[in-house]
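Naming follows writing order (A, B, C and D), and every chain is counted from residue 1.
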């Protein structure tokens, strides 16, 4: 039976602590920043943005918005553009799978992604002497010159599948598989599940009136949903006008 | 016949044509690209079986429960321990990268005397000389551990013992002065509070055990228009906590005490507080001016905060005015307020209050790296990592993260008593020694940490109170031996005492206290952070993104 | 037959000769295994019949691979016989409690995820279908490694043309794909990569 | 080396007047230096990786892609002239054909070389041929460009063999002769391939559904930018050819092609440019009023960030589109050499601007509500690498001009004397 893994991120619960970002990097053997790396050349497959309603002073409202690969379902921008099938949409899980070993490093997929959720390895990964012992054996380290992104912690899916096979089961136990960011979030703001399953808590939350998706009108059917009770937060789904966007920046 | 250039060309042409019909070009094409996929200079994870072990974070005195993934005998991943009574499966961002700290380039790997390489024997000789010359001071940043008790017994003969408390406990200071109950026994009963007025305390940003309040907040407050738990954040700037709070009250920097006084006065004037509570001298107008908010705003705030009780005021640092406000609110000793845990811990001398002349100061590795003793003596500082701003004549390499056996006493400001044991998961490098091991060499008659822990398990077992919390919890009385108790604790179980009775602490105030205590520091995630360095992966938060400002104390 | 066409043909033939016969010798390095282990002898002497009796699974389904020395200690606590390899086994490994650094013929690169549990238990493959009848052989094969890619020759297959003969006939991605295609099993890239 | 320079007379076609070896060497020297610098910079990027550039995760494409697109567009003169001469039988353009071929060869080989530096893993380049993703415009580009480069090489060989020394001997003559008969076929093939990759280069951006600034609807699998790029390329190719010829004439101080030939090129260029401008305007209107708003991006959004104001659109369409078209078509201006060349130059600027906007503005504009508008300045390595490409072009063209019959009139003389 096919699954469609997705997330619902409750923006109202996010305190912007960044635990998801660190947990993600540790799980996926993302190296610490190179000396010259910046917010624009770093690798943060899970990235928490600080957003605001653009107001000033005491009535200014701020929130935190975790952004990762949206696992687009339809006309997935990165999948359609990759010249050598280094990205594919897995029909069995709905995961958009990035294959750094196949990647040519042309970065066309990065220009195609409206969420800027793809990251290029500008440097060779370097860990301090001996720290390679702390690498997760389930994930191969990427080399410089390739693109990477969130694969929904695929190593954990592997482990769950192997466990199931050893127990003689065909399908995995859903409790055995959750990405690192979901597990790490101290407020439980990120929930993960199978959108194909009608009664799954995630697919129910995704149908709630408070749920929204970023740039949904592009028609790429992202599988990462957000939800918030605050209207100004839900308004972030649509591109702002230049005016208010400037405010958002300079806030 | 002589070879012409043309012959050479033709021969080359033939060879080229022929080569295309051999595996050479194609195999080379394939192998070189495979080479790029396995560049020898790219580190690869080790092969081997993976297992998950329970342990506890010893990087700050909160001792959050962790589940540690181990591969080929090394920690490769960390996640929260869901059944932990205090942090409930949540960790701070630094916890998730902590397993890489032991390989931080700044790791202290040998004994240093004034910066140059030295040896343990020299350090030992120097320390013994100091002990002989006069009395020594031992400074502890994480009181209540087995090691701490060893320090204390050592100090009984050779000098005095002082502790550096974390901000959460320092903030409880006034109550100790007024009631005599030591801060290490006091806690906030957050779980039963209706409204929390935080005077700049980073409740959602690394305050106390990160999981404790964030979990509570996300269940009872997050995003709700009228939450069960109302969080009112009083702060000059919009911090993370302020951004997430139910209400953010913006005041002039440093006017927390003034606002507390104003609120107390407003409560009295509105007859929302008992008559016998002290009245602050300053008028509402004066305070309002000081805080740069209107009198109406203050009155309104006073009314809102008592609208849903129990109400509790929390300050970032020790602040007598905020403490007095709690007295006015009747939050001291009441349910949902400031409670006194069952087991009454002793009260410790604050490290910076140590007076008299000492010949040496020994600073445990649990003391924050920026602490400086105001004692003029030779400083022996134990540290896992170099680069702390703190003064040190001797820098002594201590075991790093998850490298030593230690017991985990109750977290600061927790309302319930807990106890558990963190076993060493990774072998420390040969040069490392903990302060306790060092002292054991000075005074061989002293017991070892292992023995103290064993003894404590014995006492716990015979006291027969509390429960062992794991996936399911079992009463201590149901266990049949201290060894069993110890074994359980070593494998991630946590001993939890019965909840505290209300009362147990009384504070009477004749008049409104003189403003005292430090101005609230901009406390954030790194306040309780002990090592001078951060986990390398913290770069994700402040270098590879703009989520966090670079923490001052970090050296990456 | 003009002179130029003769020179051309000569060059052509040289290239063929070099490419087909000399090249493989240059491309692969041969390495010796640390010990001389005979599967057949062990099977006969110990009565072990199943691969999994020695190459076991952990409870979470992970494949344990080559047994650790304590398995050997069961019989080889002290020397059996007087052969030199026996002596080396007992003295330099069992007594010291060290593991021999076996060169694994079928070791896949770090970017490959292969679950023995899924392939043997769910799909019911026999070990020999991929590893060949190595269990019945009575000699240690020399381990050959590709100078450039660093892969064991068993991964690339013995025949440089990658012509399929008896197993083991290569464990490259295309081999996995062929088998999956035969059984019409659809897995994406990350089904086998990590 | 010196001796080679001294004896290079015997390499020059008989009867062809060329400047002295010394002066020629002097002319080459600075370009050679620039080429060396470029190779060094490219070496840095290959050895240390692309952190040598100032590109980043948001500006994943930078200076290199912009200039590659431009160069390839300018090189379109090659296939288009071939197409006109052999397919449409415009024999009058023949004299300039060799020059066009060499120019095309330079542009394409150079662009491909820079692309190899631009990708993070050049050694995996062949994966595109082995595991092609047939839905990707980039696959189409890669296939067509590499094939067309092969075609250009084949077209270049006969020109090479016209050289006095290289052409010596009977087999070469036979070979050259055979190839010569192939040329029309090659021209047809080239035209076909070029049509598709010039187009798919435009498609690259047109299909970016995630970038409303670039995304366009289109016919079946091809977005409108596909056709616009083809059109703009063939419109500007002849102009560029014209400019280069004029430059050669200026440098050598000698007329290379009949006067009216340039005007004819200009006329063709002008007509196509006019058509392009018309098509582009219609496309822009549709995009601004239908495509972009339909996904929630207000039209003015795209031009709200200086320096990317709507002025750019005006410049691209009017100043660099309508104006040069007029100059090239209108007989009075077309007859005046200065105006003619100005028109050609403006046309070339137009295509540069268009490729720049498609590459840089597309990436600079925010998509998410909380994105920032970003800018980027290329590092010296990027600039130097491209300088190397320019130098390579100049050097190859100079050598070709000196030793090969590039331009019609001379070619006839030279071949007559050398008895072919």
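Keep this in mind: a residue touches a chain if its C-beta (ideal position, glycine included) is under 8 Å from a C-beta of that chain, and two chains touch if they have at least 3 such contacts.
The shown structure was predicted, so the numbers you read here are calculated from the model rather than taken from an experiment.
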| item | value |
| --- | --- |
| For chain B and chain D, chains touching each | A |
| Geometric centre: closest chain by C-alpha means | A |
| More contacts between chains, B-C or A-B | A-B |
| Distance between the centres, which are taken as Cα means, of chain B and chain A, whole angstrom | 29 |
| Whole-Å gap between the CA centroids of chain B and chain C | 50 |
| Separation of mean Cα positions, chain D and chain C [Å, integer] | 52 |
| Chain centre separation (chain A, chain C; CA means) in Å | 38 |
| Multi-chain contact sites of chain D, meaning residues that touch two or more partners | 121, 124, 127 |
| In chain A, residues with contacts to at least two other chains | 38, 41-42, 85-86, 101-102, 124, 138-141 |
| Sequence positions of chain B contacting 2 or more other chains | 6, 32, 35-37, 44-45, 47, 50 |
| Arrangement of touching chains [line / ring / star / complete / other] | other |
| Touching chain combinations (by label order) | A-B, A-C, A-D, B-C, B-D |
| Touching residues (chain side chain B, partner chain C) in the complex | 6-7, 10-19, 21-24, 27-28, 30-32, 34-35, 37-38, 40, 44-45, 47, 49-50 |
| Residue ranges of chain A touching chain B (in the complex, touch as defined) | 10-13, 15-19, 21-23, 25-27, 29-30, 32-33, 37-39, 41-44, 47-48, 50, 57-58, 60-64, 101, 124-125, 127-141, 143, 180, 183-184, 186-189, 228-230 |
| Of chain B, residues touching chain D in the complex | 6, 29, 32-33, 35-36 |
| Contact footprint of chain B on chain D as seen in their complex | 121, 123-124, 126-127, 169 |
| In the complex with chain A, residue positions of chain C that touch it | 57, 59-62, 109-111, 113, 115, 117-118, 121-122, 186-191, 193-194 |
